[in-house]
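What follows is a group of structures, each given as structure tokens.
One chain, chain A, links the two complexes that follow: it is found with chain B in the first and with chain C in the second.
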Partner chain A sequence: MTLEAVGFWVVAAVLLASSLAVVLTPNLFHAVLYLAAVLVTTAVVFLLLGSPFLFAVQLLLYAVGVMTIVVFAIMLTERLIGERIVQTSRHLLNGAVVAAAVFVGVAGFLIRAPRLVPHPAAAADATPAIGRALVGPFAVTLELLGLLLVVALLGALYFARTDE
Partner chain B sequence: MSLNAYLTLAALMFVIGLFGVLTRRNAIGILLGIELMLNAVNINLVAFARFHGDLLGLIFTLFTIAITVAEVAVGLAIVIVIFRVRRTVEADRLDLLRG
Partner chain C sequence: MTLPPVAWYTLEAFIVLNAIILLVTYVTLLERKFAARMQSRIGPYYVGRPHGWLQPIADALKLMIKEDIVPAAADRGVYNLAPIVFLVPCMLIFATIPFAPELGVADLNIGVLFFLAVSSLEIVGLFMGGWGSNNKYALLSAMRAVNQIISYDLPFVFAALVPVLLAGSLQMSAIVTAQEGLWFVFYPLIGQLAFLAYLVATLAAENRVPFDILEAESELVAGFRVEYSGMKFALIQLAEYAHMLGTSFLGALLFLGGWLGPGPAWLGPLWFLGKAVLIFLLVTWVRWSFVRIRVDQILAISWKLLLPATIVLLLATGLVVATRGAGGP
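For the complex of A and B:
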């Protein structure tokens, strides 16, 4: 096995185990910590796919940004409720059946798909090309994205404001 | 590794997230499941970009990541407001619009 194959299987095992822990653990705070593990491992998958730029974006925006927001929300709501939030699950069997059915449907497509080898042009680091594209053809989109983030954060502040 | 290996990994992660969305009672738990599903989609996008040698997939992933962050911020703010108004975390009991 090549180094990439070993890395892939290790990352896949960690990713799936943490994902299962996110949806199954009863303690909400533990679920968030497992989600952090999932997000960091996803970043490593991006690295395996030869995209160090998205690895950094995933770590900075997702793993740090989302985690901070979620942890804040849990602490705020726990204080409001005044007790530990223990989350329970329902309809476990129905959920498992639907999820398995969706996976079988996707796997049907995957089995019939032609086998691709990595494109040789994608082997090099794409970060300079991404940078040029973001200030070139995608400059307006990037600005709109910044606007969306500002509006979303202002909206979140407005929703979560105190009454006084 | 083949493209199918990455796509299978993403599909498994997606259905685990779907399972979480369907079975969790807690609104924050449901949001965590949605996060899992969005991450699986991002893995798909990056894998296709790598195996087709196309830069657009990477740029689109950058946009989906940023949009997801905005979605989480607004979603959790809504959850906090629901907590303030209804004093509950359970999605089943948020039936204000029931006729």
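For the complex of A and C:
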């Protein structure tokens, strides 16, 4: 096994274990920390696939941004005001069924896909291509996403304002 | 001598890590001496006469033999893991910094982005410390940290993007090469404003006075690390200073031309170190000159002044680059 394969299997094991921990741990704060581990490990998967740009963006947006907001929400709702919220995974069985179904779907797709296709040689530096694609063919999508975020921001402002 | 690549990388990482830890240790002495001089004191003197040059070593030894106390009500796993989670990103940021042409661990083509992404990960460790201690002050401090990080991450990134736009590259070495004609801090108007914004955002990102509400010795005692002692405390201190030093190196690289300077090529790393220390001293100077400001003032500075200003600055830079082309004036 090559070093890269070893790296992949280690990362995959960590990713799987921490994903399970996110849903199975009863402590909400621990769940958030495991989620951070999941997001960082996903970033490492991007790195293994040879895309440092996606690695950095994943860390910057998800690992940091989402973490910050989630932890902020817990801190504001939990220990400071009122008692602890315990995570209860009541629909564990249903979740397992859905997860298994998704796994079968993805695995079936992967098995039917032609294997041993030579890995297409990645461009030496894909970052400029991603940038051009975002302002070129996908400009409208990008703008719509921006609009969505602005709407979310306005909604947050609406809910957070003080009653007069 | 031919080594397998893995052994070679391990050796390289070992050397770089130890050099950085030594540097960081001595930066604390520099800060203490500098602060002392500002207050007409002498500062550390007796340990390692003259001028206390052995003081950091003595501090490290003292912290290592101190008793390690874990609060009874702490969330043990999180509490024990926090200093490590805090330290790792602060050390990783040095991976992409080239100290001279071809002298660095990895000169990624997205070096600046890597630095920004990894350096902001330290907040996770900070949370874990603040929450895991199960202490009112630590938790308050962690909350304030979230506040501050959300507020100052954006201006920091935008200020750092100005040199990136001017150089037309995210690669650290390419940014330095682009400054061969003119350091970006001397770029008319844009350079100075961006450097100023970078310094202010650095102060806030490093939780330094006047933005140190999350440490606030006089009200929160020491904030998120109040329950830590011994080696864990040492790790947190090390991480904080490493982060500060890393940000100084980035500032020197983005605005002050990195290793560029008169003299032979082997002087490059020394020039770079000197410039980074200069930024560090600037930040320290502010720290010992101003008082702490309030939470709402901190937020107002970020959202009402710094963020719009850096966005306008970024747009202006884009306009300049579009009309005159990237890569210096």
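Keep this in mind: the second predicted complex is superposed on the first by the 125 of 164 C-alpha atoms of A that agree within 3 Å, B and C clash if a C-alpha of one lies under 4 Å from a C-alpha of the other, contacts with A are read in each partner's own complex, and residues count from 1 in each chain.
In this text, a residue touches a chain if its C-beta (ideal position, glycine included) is under 8 Å from a C-beta of that chain, and two chains touch if they have at least 3 such contacts.
Just so you know, these numbers come straight off a predicted model, no measurement behind them.
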Problem - Which superposed partner A:53 touches (first chain B, second chain C, both, neither) - result: both
Practice task
In the overlay, answer first, second, both or neither for which of chain B and chain C A:10 touches.
Solution key: neither
Exercise for the section: Examine A:68 and indicate which partner it touches, taking first as chain B and second as chain C; both and neither are also allowed. Expected result: second
Practice task
In the overlay, answer first, second, both or neither for which of chain B and chain C A:159 touches.
Solution key: first
Completion exercise
In this superposition, the partner of chain A with more touched residues, chain B or chain C, is B
Practice task
Give one of first, second, both or neither to describe whether A:33 is in contact with chain B, with chain C, with both, or with none.
Solution key: second
Completion exercise
Shared chain A footprint, chain B vs chain C, residue numbers 53, 57, 69, 72, 80
Practice task
Within their complex, state which residues of chain A touch chain B.
Solution key: 4-5, 8, 12, 15-16, 19-20, 22-23, 28, 31-32, 35, 38-39, 42, 45-46, 48-51, 53-54, 57-58, 61-62, 65-66, 69-70, 72-74, 76-77, 80-81, 85, 87-92, 94-96, 98-100, 102-103, 106-107, 110, 113, 115-122, 126, 129-130, 133-134, 138, 141, 145, 148-149, 151-153, 155-160
Handout entry: Contact set on chain C toward chain A in their complex
Key = 6, 75, 78, 108-110, 113-114, 116-118, 120-121, 123-124, 127-128, 131, 139, 142-143, 146, 149-150, 153, 170
Completion exercise
Seen from chain A, its contact residues with chain C in the complex are 3, 29-30, 33, 36, 40, 52-53, 55-57, 59-60, 63-64, 67-69, 71-72, 75, 79-80, 125, 127
Exercise for the section: Over in the complex, which chain B residues touch chain A? Could you list them? Expected result: 1-9, 11-20, 22-26, 28-29, 31-33, 35-36, 39, 42-43, 46-47, 49-55, 58-59, 61-63, 65-74, 76-81, 83-84, 87, 89, 92
